[in-house]
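A quick write-up on the structure given underneath.
Order of writing sets the labels: A, B, C and D. Residues in every chain begin at 1.
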Amino acid sequence: MLLFNQLETYLYLAIVLFAIGLYGVLARRSLIALLISVELILNAASINFMAFNRFLAPHPAVGQIITLFIMAVAAAEAAIALSIIVALYRKLKTINIEQATELRG
Amino acid sequence: MNVLLFGPELYFLGAALIFFSLTLKRKVQVKADYRIALALAAGGVAVSVLCLFQQGELFFKAYKVDLFSQIFKFALALGFFLVITISHNLAQIEERYHAEFYLFLTTTTIGMMMLVSAVELLTIYVALELSSYSLYILVPLRRGDGIDVEAGIKYLFIGAVSSGFMLFGLSYIFGATHSTYLTEIMPKMAQLVQSPIGVLGLLFSLAGFFFKLSVFPFHFWAPDVYQGAANQVTTFIATASKAAAVAVLLRLVALGSSYGYNFTQVLVMLSIISMTLGNLVAIVQKDFKRMLAYSSIAHAGVFLMGVLTIKEAGYIGAVYYALAYLVMNFTVFMVLSEVAKDGRDLKIVELAGLWKRSPILGLSLILGIFALAGVPPSIGFTGKLLIFTSAMNQGYFWLVLIGAVNGTISLYYYLRVVYAAFFMDPGDLPPVTVSFPTRLLNYALVAIIIGFGVFPDQIVRLAQAAVKTVL
Amino acid sequence: MTEHPTSFPYLTCMLLSPVVGLTILLFLKEEWDFLIKAVSLVSAGLSLALAIFTFVAYDKTLGGLQFVEKYEWVKTFGITYFVGVEGLNAPLLLLTGIVIFTGVLTMWELKNRVKEYFIFMLALVTGVFGVFMTYDMFFFFLFYEIAVVPMYILILIWGSTRKEYAAMKLTLYLMAGSGLIIPGILLLYSTSGLFTFNMVLLHGVKFSPWIQKVAFVMMFFGFGVLAAVWPFHTWSPVGHVAAPTAVSMLHAGVLMKLGSFAILRVAMYLCPEGFVYWKQLMAFLATAGIVYGVFVGLAQTDLKYVIGYSSVSHMGIVCLGLATGTVDGLNGSLFQMFAHGIMTALFFSAVGYIYDRTHTRDIHELGGLSKIMPVASAFFITAALCGAGVPGMASFWAELLVFIAAVKVYPVQGLLAIAALVVGALFALRVVQTSFFNEPNPKFMHFEDVSPFLGLPRMILIGTLIFFGFFPQVMVSLIKTAVVPFIQGM
Amino acid sequence: MGSCDPVLLGCLLTVFLPLSAFALIMIFTWRYHKLSMAISLVASTIPLLIAWYFFFTLDVKQPIIYNFNWLVSDQVKVPFGFLLDPTSVLMFVIVATISWLVQIYSIGYMGGDPGFGRYYADLSLFALAMLGLVISSGLLQLYIFWELVGLASYLLIGFWYEKFSASEAGKKAFVVTRFGDIGFFMGLVFLTLYFGSLDIATVNSAALTAKMPPWLITTSALLIFCGIMGKSAQFPIHVWLPDAMEGPTPVSALLHSATMVAAGVFLLTRLFPLFAASATAMSVVLVISTITLLLSSTIGMVATDIKQVWAYSTVSQLGFMAMGLSAAGLAAGTLFPGYYHLTTHAAFKALLFLCSGVFIHHFGTNDFFVMATQGGRKLLIPMATITIAALALAGIFPFAGFFSKEAILGALAHLPNKMWLVLGLFGAFLTAYYAFRVIFVMLFPKEKYDKYHLETDPHAHAPAHSHGHGPGPGFTHDDAHIHPDAKPGHEHDESGHGAGHGHDEPHGVPWVMSFPLLVLAGFTLILGFCQGSLEKYLLGESAPHHIEYGLLVSAVSCAFGGIALAWFDWGRRGAKCVGFISYVPVLENFFIQKWYMDHFWRWFLNTFIYGIFSRAFTYNDRRVVDGGVDAVAFSTVGSGRLLSFIQTAFLQYNLLFMVLVLAGVGIYLLMGR
């Protein structure tokens, strides 16, 4: 039970999550997958906020509020990203990032 | 609470609502929309001037209204207005989307306005995202063969990743200081930079702002977006959003009186690399907007130079230069969008013989370009010199030296533009007709560029007063 | 340095008359050819008149800075608008006035894009006047760049041979120079502790030797580029060849002096210890320039290249004079700045006239011109003799002073420089003989000689040369009033 | 300076009249020949009167000195002033007289020349410079006028500039003398280092020179002597003088025989005390002048161009004067002999040239063989006068040359080493020979001249060489500075001043041309008998004039020997009409090639100045210096091109780059903490 009462646990969890997200962003080629990975990064941040708030913060609610905000923002981001992806699909007939390589140099 | 404190933001919110209602109506009236937008933008400038000297705090101290923020709000309103003025030929955006264009332009302006006076981490984050997301949408609005969406998608993901970094960093800062209020974080900064968490937090959270300012290594979006987006959008990104980014960066960095040697070294390195990389790569560009993108990367380095002094002089320089940059960069973009009536991407060679096709535009172009290159008599020269001066005062000898040398390098590609505009034979390129208002605008810009370059005192005083409220 | 404020802002008027001129030109129509020229001539003439006035009205017994105007400009950064006249810059202001006036007259036949030409030319001149008269480093640098940059366009549009290359090279080269100047200036500014750009105040500050050495060497090379100090001279022949006549006149005649004057006014004035530390190098480079210039010029076949390299050599003499750091040397050096300015202006205006007619500058192709256009050739020959250091011309005295001073301080370099005079003479006469005293080239038989009106500017220049050749004291006594305290202050 | 002192006024007039004449003619009247001539004549007559007035009435035992500040810098002070003492006044007289006579003469000689006005302007310029030089009070001022003299000579030699050889000769003269002048200037600088002022009186004051370190005296003296070598055409930089004969003959008479070239010797006398203070310097002078004497007289024996003969004789006589002065300096003698010879030489050499001028003008050729065959002796006055002059040159009693040569040989005789005396005598012998070679040829023309002349016309030799040393790539003919055979040819008279006159005149000589001849002849006759008074005038007391008969005899016998040989070779009926020298063809060719001096200089110039320095520097300038600059520019652009690859088109590479940099920075911060 101790494990769950330590700040470090959550921090490491967050770091792992962040790393996974980052890896996904760099490794996956499908735009959808990229989007998911970005969400993971955001969630890692949220976990941090929650954890810090739970273990350290004087004010009980700040972290949670922030997390709520992050979720909202992430939702908006997802919407925008998806819309752009759709636009991209309309024009390039693909959602594979490898295909979008017009601009260079 | 005094409504004027929140005046500009409220005004633009209202404007956003109006534009939103415009988007709803069935039939497309481009001209009407444009007139409304112009009127609203002018009103925005007026309001921001009106609220220039407001002072106070809002929303439980999460939102600070002071001269500094108000000046930048004015700058943003001005930038918005200027962009609207050149939006009379939105050739690259389908008519039925014009209202959306105005709408998102307004929302991003609101986001930036909130950004410049936000003093609480969450507020900053939200404001930043608000401004960014609207731009994400504006970029692919352009009709085109895919480079627009490509630019949009790149912009979005680079932005998302850097804001992810920022958020992660902010969480660490929150953890290390148990607070989200800058005023409470400020005192703890000293030991913050001692703890690894603090350092990483600071570094990561700077990522988001560097992204906005397109500082190396967060600059990758700039060339693609500049080239991919419609000229007006690019103009807005290149002028107003730069100003906002500088403002928030100033506010944020001003927190710590000292970040320790290493951290400052990092900033110095980033500044140097941004300048050098931007200038060197700009040399080989063919596309005008893309070249300007790289020049903006270089300028980001200059701004950073002003920021990292963390001294009044440097901040004055940065503020002055931010305003100057807004004006001179806009001048160039204005010429660009006037020459490229159909909103195409302009190759540098397409400026050929501009002096003959439209002398007044030629004049503005050469002045804007020389101002960007930091050639007197121009605001660009004065601003740059002020920044260099303050950096030297802090003893950054090599930084200044490299900056000065970079000035020489940059001159090379700026002169290529002058070469095209003043020497190359126009060939069969059509003459450029300039409407009377635009002509007036040109004269005004020329007057500002030279006038405030030679007589900088007023601006400097204003900037000084503003900076006092931040530091 | 005592400062005597002025009752009437002469200097500001001198500075503003070109500005006003070009502002008027902005609103004139491209077609109103004569009007444009007239306006620019008037504004140039006005500033010339004021320059002559300050030159004559300067009170030698009073000494110090006169006609001083001083206003707070940007308090926060210690920038002041501070202009004045003393023995150092009075001759150069006069020089600028004469050269721009004659320059406008010389370009009277210009047809292509007249309006812009005169706009840029006047802008350039504003910068030059500003540099010579200001005592605030901010404005000094501001005007310095104003003077340098319009050159790009002037060469680009109205130039001749390889102009794109030349223009770009020249501008970038000079800008690279100012890339060194800015840090140098700012270093002094920030280490002075006064946070002022006012040179007179900074002169009072005792900078640490290290700072002085660094700042001096940076500014020496930075300004030295413009003064065509060897080996940073290669822009100058190329640039002069490419530039249109009046621009070459201004550039070789006045702008190069800007560099040497700046070395004196900023580098030596503010960092005396730095000067003492580096003066050996200065002397060496100067001598190298002198010898090098004549020898390379000996192999040139393009009139303008020849002149360009002779300028390199003569600017070397100026620099050598500065390097001596003695009163004689500085007197000579400043006198040489003036004399060489007039001389080169004469050179280029003569060549310009010939080139406009014959469309060649190859010394073999124009043989025996003095049969066809005796007056035009007479102009060139006068300049050439002046360049060969013939007595009766202003530059003779300047060189005399410099050489005597130089031999005292640096015997070896001094004697080398003197020896270079032989080659100098050889080199001048070679050109004169090949292109003027020779079988006339039948192609050019039909060309008519200089008309009195076009002859006027050249006559003015020759008159100046000879006047100061016979009455050197007029100039030297004025220069001395500033040089003596300058040396004592070092 | 508006002083009422008549002497000062005179000096000022002497300087400013020719100056204003020059200015007037050059700027305004050069198109109007008569007017220009009038102006110039006025401007030369008044100085003449002043000169003679000074000479007779002014008491200059105590030098009269006027000084005004011309240029006062800190330590360099250049006064403008006049110094009237016997030395300067005598030279003043000589210069004024001869230049006046020449101006008279030129009316006839140059009449109808297109550049008549310019010619007189240049003459005025020369008068200004020469007079200023003579009476200048300070060495710097003297140097200035010295340079001006050079300028004038440049203009006058190159007067017919459309003739390439003429302008070449002018340039050669200017550059070569300049070469010496640089030494002169350096010497002056050295003196200033010691004296501060360059007042002639100061420099000459024995008290100061005594205190001077010897090395300094020697160095400066030798350096100044470089200038003298240049002006007075001493070996090895005498090469310009023979070419200078390209100029109009009166010019040769005025500048290149009587006055300008004498300026060098004048300077030597001017600074006699200084030179005398250094034995080393004086012996160098002696050696060089002796070499000059022999070299030029030997060349004079084989020249066929009459002006060349006199030119070389001038060189030799100048050498002779220098010998006299240096000998006097070494043997504690006085400057009188050299100076006296200068005076007499001025008279008879000018006469020689003017006479030859008449012939040239009449027959339109420079070749005295041709003149002879065309009946040169018909022109009585010139024939007579030229003979007188030749006698004087040869040093025959009672002509002026005799006395002055005696004086110099006397000075030589005082030297411990008699070799110099012998050489001097030998020189006298040769002089007599080549002088009378000309005279006899002219007097007793033979038919075979043409054949002979065609055989050994120097034009037939050398020409291969002149353009032979092709100046390397990049250097075209205009760089061929010194033409080993740049001799005034016949074309001169067709193309040059022959315009409109020359042969067509019926006979005889216009009075304007014969009058100066007679005057000069008169001088040649009387000057000899003024020796005593002149010496008294110059030195204050006339040294007791004991004549060493041995010397006298040997000298006279040398002279007569020379004449006799000339008679044997050329004069007598049935003479073989070949110089005795032609029995040694090698030597003869060597002489005809002027000891290959021109070739040497040509080679020197081509190899070092053009070949090595100029070309190397130019290459360095193009490739190294400029190339370096361009290289920097190119590398900048190149690096930009390279860096632009960072911006890949592929989103995730960019992201990766971004993340890596961020990680790097993070690690740096964590480590560096």
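FYI, a contact is a pair of C-beta atoms (placed from the backbone, for glycine too) under 8 Å apart; a residue touches a chain by one contact, two chains touch by 3 or more.
These figures come from a predicted structure and were not determined experimentally.
S.K.: Is the number of contacting C-beta pairs greater for A-B or for B-C?
M.R.: Looking at A-B and B-C side by side, A-B shows more C-beta contacts.
S.K.: Find the most central chain, measuring centrality by the gap between its CA centroid and the centroid of all protein CA atoms shown.
M.R.: Chain nearest the centroid of all protein C-alpha atoms: C.
S.K.: Just curious, how far off is chain B from chain A if you go by their C-alpha centres, in Å?
M.R.: 27
S.K.: Report, in whole Å, the distance between the mean C-alpha point of chain B and the mean C-alpha point of chain C.
M.R.: 42
S.K.: Which whole number of Å gives the spacing of the CA centres of chain A and chain C?
M.R.: Here chain A and chain C have centroids separated by 65 Å.
S.K.: From the C-alpha centre of chain A to that of chain D, how far is it in Å?
M.R.: Centre separation, chain A to chain D: 97 Å.
S.K.: Residues of chain D that contact two or more other chains, please.
M.R.: Within chain D, the residues that touch at least two other chains are 644, 647, 651, 655, 659.
S.K.: Can you list the chain C residues in contact with two or more other chains?
M.R.: 172
S.K.: Please list all residues of chain A that touch 2 or more other chains.
M.R.: 22, 25, 97, 100-103, 105
S.K.: Taking the top-of-page definition of touch, could you list the pairs of chains it picks out?
M.R.: Every pair of chains in contact is listed here: A-B, A-D, B-C, B-D, C-D.
S.K.: Any idea which chain B residues touch chain A in the complex?
M.R.: Residue list for chain B touching chain A: 121-122, 125-126, 129, 133, 136-137, 140, 145-147, 149-154, 156-157, 160-161, 164-165, 167-168, 170-172, 174-175, 178, 180, 223-224, 227-228, 284-285.
S.K.: Please name which positions on chain D make contact with chain A in the complex.
M.R.: Residue positions touching the partner: 644-645, 647-652, 655-656, 659.
S.K.: Over in the complex, which chain C residues touch chain B? Could you list them?
M.R.: Within the complex, chain C contacts chain B at residues 73-77, 116, 138, 141-143, 145-146, 149, 152-153, 156-157, 164, 168, 171-172, 175-176, 178-180, 182-183, 186-187, 189-190, 195.
S.K.: Can you list the chain A residues touching chain B in their complex?
M.R.: 11, 14, 18, 21-22, 25, 31, 34, 38, 41-42, 44-45, 48-49, 51-53, 56-58, 62-63, 65-66, 69-70, 73, 76-77, 80-81, 83-85, 87-88, 91-92, 97, 100-103, 105
S.K.: Give the list of chain A residues in touch with chain D in this complex.
M.R.: 22, 25-27, 29, 97-98, 100-105
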